[in-house]
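The structure appears right after this line, and notes come after that.
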Amino acid sequence: MSSTIGTLFKVSTFGESHGKAVGATVDGCPAGLALSESDIQPQLDRRRPGQSDMTTPRDEKDRVTILSGVENGLTLGTPIGLVVNNRDQRPGDYSEMSSIPRPSHADFTYQMKYGNRAASGGGRSSARETIGRVAAGAIAEKILKEKYGTVIVAYVSGVGPIDALDMTGENLTREQIDGNIIRCPDSEAAHKMIELVTETRDRKDSVGGVLTCICRNVPVGLGEPVFDKLEAKLAQAMLSIPATKGFEIGSGFAGAKMCGSEHNDPFVQKEGRLGTSTNHSGGVQGGITNGEPVVFRIAFKPPATIGLAQTTSTFDGDPPPLEAKGRHDPCVVPRAIPIVEAMAALVLVDFAMRQSYRRI
Amino acid sequence: MSSTIGTLFKVSTFGESHGKAVGATVDGCPAGLALSESDIQPQLDRRRPGQSDMTTPRDEKDRVTILSGVENGLTLGTPIGLVVNNRDQRPGDYSEMSSIPRPSHADFTYQMKYGNRAASGGGRSSARETIGRVAAGAIAEKILKEKYGTVIVAYVSGVGPIDALDMTGENLTREQIDGNIIRCPDSEAAHKMIELVTETRDRKDSVGGVLTCICRNVPVGLGEPVFDKLEAKLAQAMLSIPATKGFEIGSGFAGAKMCGSEHNDPFVQKEGRLGTSTNHSGGVQGGITNGEPVVFRIAFKPPATIGLAQTTSTFDGDPPPLEAKGRHDPCVVPRAIPIVEAMAALVLVDFAMRQSYRRI
Amino acid sequence: MSSTIGTLFKVSTFGESHGKAVGATVDGCPAGLALSESDIQPQLDRRRPGQSDMTTPRDEKDRVTILSGVENGLTLGTPIGLVVNNRDQRPGDYSEMSSIPRPSHADFTYQMKYGNRAASGGGRSSARETIGRVAAGAIAEKILKEKYGTVIVAYVSGVGPIDALDMTGENLTREQIDGNIIRCPDSEAAHKMIELVTETRDRKDSVGGVLTCICRNVPVGLGEPVFDKLEAKLAQAMLSIPATKGFEIGSGFAGAKMCGSEHNDPFVQKEGRLGTSTNHSGGVQGGITNGEPVVFRIAFKPPATIGLAQTTSTFDGDPPPLEAKGRHDPCVVPRAIPIVEAMAALVLVDFAMRQSYRRI
Amino acid sequence: MSSTIGTLFKVSTFGESHGKAVGATVDGCPAGLALSESDIQPQLDRRRPGQSDMTTPRDEKDRVTILSGVENGLTLGTPIGLVVNNRDQRPGDYSEMSSIPRPSHADFTYQMKYGNRAASGGGRSSARETIGRVAAGAIAEKILKEKYGTVIVAYVSGVGPIDALDMTGENLTREQIDGNIIRCPDSEAAHKMIELVTETRDRKDSVGGVLTCICRNVPVGLGEPVFDKLEAKLAQAMLSIPATKGFEIGSGFAGAKMCGSEHNDPFVQKEGRLGTSTNHSGGVQGGITNGEPVVFRIAFKPPATIGLAQTTSTFDGDPPPLEAKGRHDPCVVPRAIPIVEAMAALVLVDFAMRQSYRRI
């Protein structure tokens, strides 16, 4: 188990889906940051279940408490303890599944690795694990915003076969993105996506999707070659989110089909700095930010837990059909948005802190 | 700069493209492994420039020397120092480029981050940096093979718009893959790829491509949730390779278009173990290997340095045309194969070592 | 701030002395360990204030709650969240001291480093910070005991000028050590120590002391040369405890006065293993355990906060006399025992986990 | 094996005493530092064997080569590869010892941990391993000197029973310290020490000693509570040096005998900053530097390899007398000085780099 991330801004999360609490410790937050629970709660609210018909009906308020690291409204430079109590636990829902590992779920691999596993609801592999990340990410985001004016927004750019228009060039805000329940700012595509998710949910199936994330006003020079290139740590951060299957930055897989003469981003003067006229690089060259927006996309598979009967096998090799009970999202991408934003913020703030002293 | 990777099997690389030497230190290799330069050289030979018309004409023999960590043919458990001297250096080739940052290259970002940069040939952002990785990876691979029978092979599955057939299900060998100079085991596609690369090279342009990597006989249970999921660390490792833009595991971005009922991998009995009948998961569930082959793909952009004139800008904002001299690959994917295999081995062996003691 | 320790058994602590709570997250505990609060509470009870006349009168029950990582009485291999609520907070006691940095306390350096500091009671530099360590250490100790039969005991071997007899050769138990309130098993010395502490407390002063710690049944082979030698990580762990000024292993500073011919520990046969007839090495050679007891000593300075008036300076340079109110231990060594034992256990269990796979 | 140290200024060493070469990689050195071999060689010269009658007669020039990371005399911000070839190897000298683990040497523990070991001369546990540290430390020291004016000097303060006067208050220079071959600036004590070492060498024995190290002009605010307190990381660094048995900072073990009222360092105004009138703290409070000199002492045991016959046991339990051949120092402390200075510099520069961004 490695539930700790970061070199200088270090986050350690804890908590099972059906245990007492989930949370995180943020070790390395600079002192003097104005901080209260109200800085953190909004992103938890965007992540919490039960927000809309697109999400699991599990009802959790997910109220965060700061246990330490803040006094008189300012961070002390000491570890910030963050805790969210679990309330709507229903371990009983999962009893049938104890002998049947859910296909494409972590039941089997946790059992094989650890010799036991949380008997209910996915334990640590559940999306509830991400609450600690979102809480910590909100702190990281606040630092980035105050120090650099960095803005991080993610939106749903694909659900199943439906793709949204590319809107990375626009100054999207979270308000715009939250304008519909699927969180896709292309309203025509959003309409189709909502229909698809509704229909999928009604037949007890699930569907995958794609998120696009844009980080604007990222300072030039972040990222540590060789192994900690910015895109490398972003990729790790994003593929550490449950249900992700792919990551691409800038041109991504489409870039592999291009020639150098069309893919290269020419340098041009931009308001007193050297910028590029295109951004196939996704804001990163040689693992280091170049001042253009950092743009990346993450593929999410369809949730593994579905209500439809599936032919599979018990741990013992018996082939029973499995019908999941539990409560699950038919499509995770709308709720994954604050998680992706949080992970992006955690990566960026850690690089910003490591950035010091690169030159004598 | 972070040129160190790994938790227990720790690799630190050094060396610029036109300096005295490149190399690596492997800290944490178990004792008692039979090891000599001849275990390492073959992968360096597959990586070295000048192998074929597909690659840069720079001529380097890339002979490795083991400086420490081995006595009487056995590893001592102590750090293994590995060094490869540079020979065919031509720093003069790059003089024109010192005031003109090459578009989509690391010239600009290194200059902004460090305030100076290697005046020639990309320095640390050059592909020569990967020599240390390949050397270290060969050691990792030997451990994996001896202990678990793990086999790692990568092949070219796309060059520009040309895609190869999916051959992940076949027991591909490196010999098969090296059967043609583009290293694509689908001979029909290979033929077209070679034509495309030749034509691209002749008009002084470059082209991107995709690698597919398959790791067979990976033990069940590798990978450390939450932040060090196997796919997360693989993604970091792969996106730390120069010129990469994307990573996907198993179904990847295609999986985002699917429903759960078709994407889920049903469990079935397989020779005394529980396996899955499909492998959309790519051998990983919940961040932990499940015993199926680990399958992933990496997108490489077209090399940034091209001979074609480009309209761009100097550091000072003047708009000169740039014609690169230097020596460069028109397409990096054939030579990237041993690098991808090396990084996969480094990730897997580190997880295998961290694996101990997961249960009381 | 670096409140995280360990490579595979990773502990992250949080909490200020006068905040809501203190605690720790243990990331990397193996699965399948029987664990409940009752395994942890006894060491917290040995550490808590208000136990005797030797300690601060602050009254805290220090009841620990396990928030995660355990289900049905067994660890899951997932992070263990541990929390202890603060109860007897009296921030008001410290108001006078806000403009006067206490001599030899962390007030000044925290203020200089962070630009602000917990306004009361030392915040993070307080001994309450060690609660998370003791809780985590109790888990480490349980693993060591079950897997190797390791026994860790520390005792008070010096208070001010009073030294106890060397009792490292005896099979001391915690029960014996807790036989008197100063926790010194040499009852004659203990009597004098108690007198000295009482007298010191009565004149509002404080006094230093020395702890000796013995770890028996430590497996052979623990410790990672070069930089993570066992004694090096023990030294770090011990000097991370508040108020420590020195660490020595085996012969320590006395060994520096000896000749090799008297200091060398001759090898002898011991019940089927090779042991040594003396133990000047303190159980460690070349940074690796040799199977003999690991024996070390830690020097604690007199607590900085005293009731006696002191001539010093405000932050602004004014020279006021300072009379501390607050509540403080006249001598910290009796209560430091479980902290030292905890840190020793954390170091040893981490090395035991890193130990895997040292040979092919 | 953990041959890597540092969080941002990361050093990885390699090399056995009788292998091809020893060296280090420095990963994380800031760019723009003027650097050549001549900055590094002086400390290697102070460390090398064969300097005087006080040291082993092994003759090594220990010339360092910079393999990477520097171009046109300036660091690039990329890893600095450092290598020193071994020349005067005599593996044959050690053949008798292969079946007899030398008492209090690492022969036994390496064999037990790794299952094999360097057949000659201590391999990795030899003091030759420290060459990489000294080379890396010289770079760290140059940064500290240029940026903060930090001065680090260590001197021999004890050999066997002979103690030097306390000279920590004087502005000692390396020139003064190198004024005699034992490197003790108290010339009266030095004279006796030299006599003792000569006499000890002549009867084929060895003797221990103590070093005192003073770091002046260390910036206020270095050190990361909780686990990475400055003194904790210094203690780790010092006890990672071969043959060390103890570390104390400021008052150290003597401080444990004192009362708070005498031990506390009163604050006083000093040239526009708040300083302390005494320095029992050794320049550190709460794990953070306070601007006073950082002062610490390290105990070295007598070298384990002696020419005198010793009664001991073979690996198989036979009791042969052992007479070491090889070439060894009768007392290591004079040559340990540059090693201690190097380790101090590595710790301080890493903290200085981590220091950034402690406040918002």
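Think of it as A, B, C and D in the order they're written, each chain with its own count starting at 1.
Simple rule for what comes next: a contact is a pair of C-beta atoms (placed from the backbone, for glycine too) under 8 Å apart; a residue touches a chain by one contact, two chains touch by 3 or more.
Remember, predicted model here, so these are calculated numbers, not experimental data.
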What chain is the most remote from chain B, judged by the mean position of CA atoms in each chain? C
Between the pairs A-C and B-C, the one where more C-beta pairs touch: A-C
Gap in Å, rounded to a whole number, between the CA centres of chain D and chain C: 26
Can you check how far apart chain A and chain C are, centre to centre, with Cα atoms defining each centre and the answer in Å? 39
Using Cα averages as centroids, what's the distance between chain B and chain C in whole Å? 46
Chain A residues touching 2+ other chains are 1-4, 13, 31-32, 77-78, 110, 113-115, 124, 225, 358-359
Touching residues of chain D toward chain A in the complex: what are they? 7-8, 30-33, 75, 77-78, 143, 146-147, 225, 352-360
Listed in rising order, chain A residues that touch chain C in their complex are 1-4, 10, 12-16, 19-23, 25, 27-29, 31-32, 65-69, 71-72, 74, 76-81, 83, 110, 113-119, 123-124
Residues of chain C touching chain D in their complex? 1-5, 13, 101, 103-106, 108-110, 112-115, 124-125, 129, 158, 160-161, 200, 205-210, 220-221, 223-229, 231-240, 242, 244-253, 255-261, 263-269, 274, 276, 280-282, 284-290, 299-306, 308, 310-313, 315, 317, 358-359
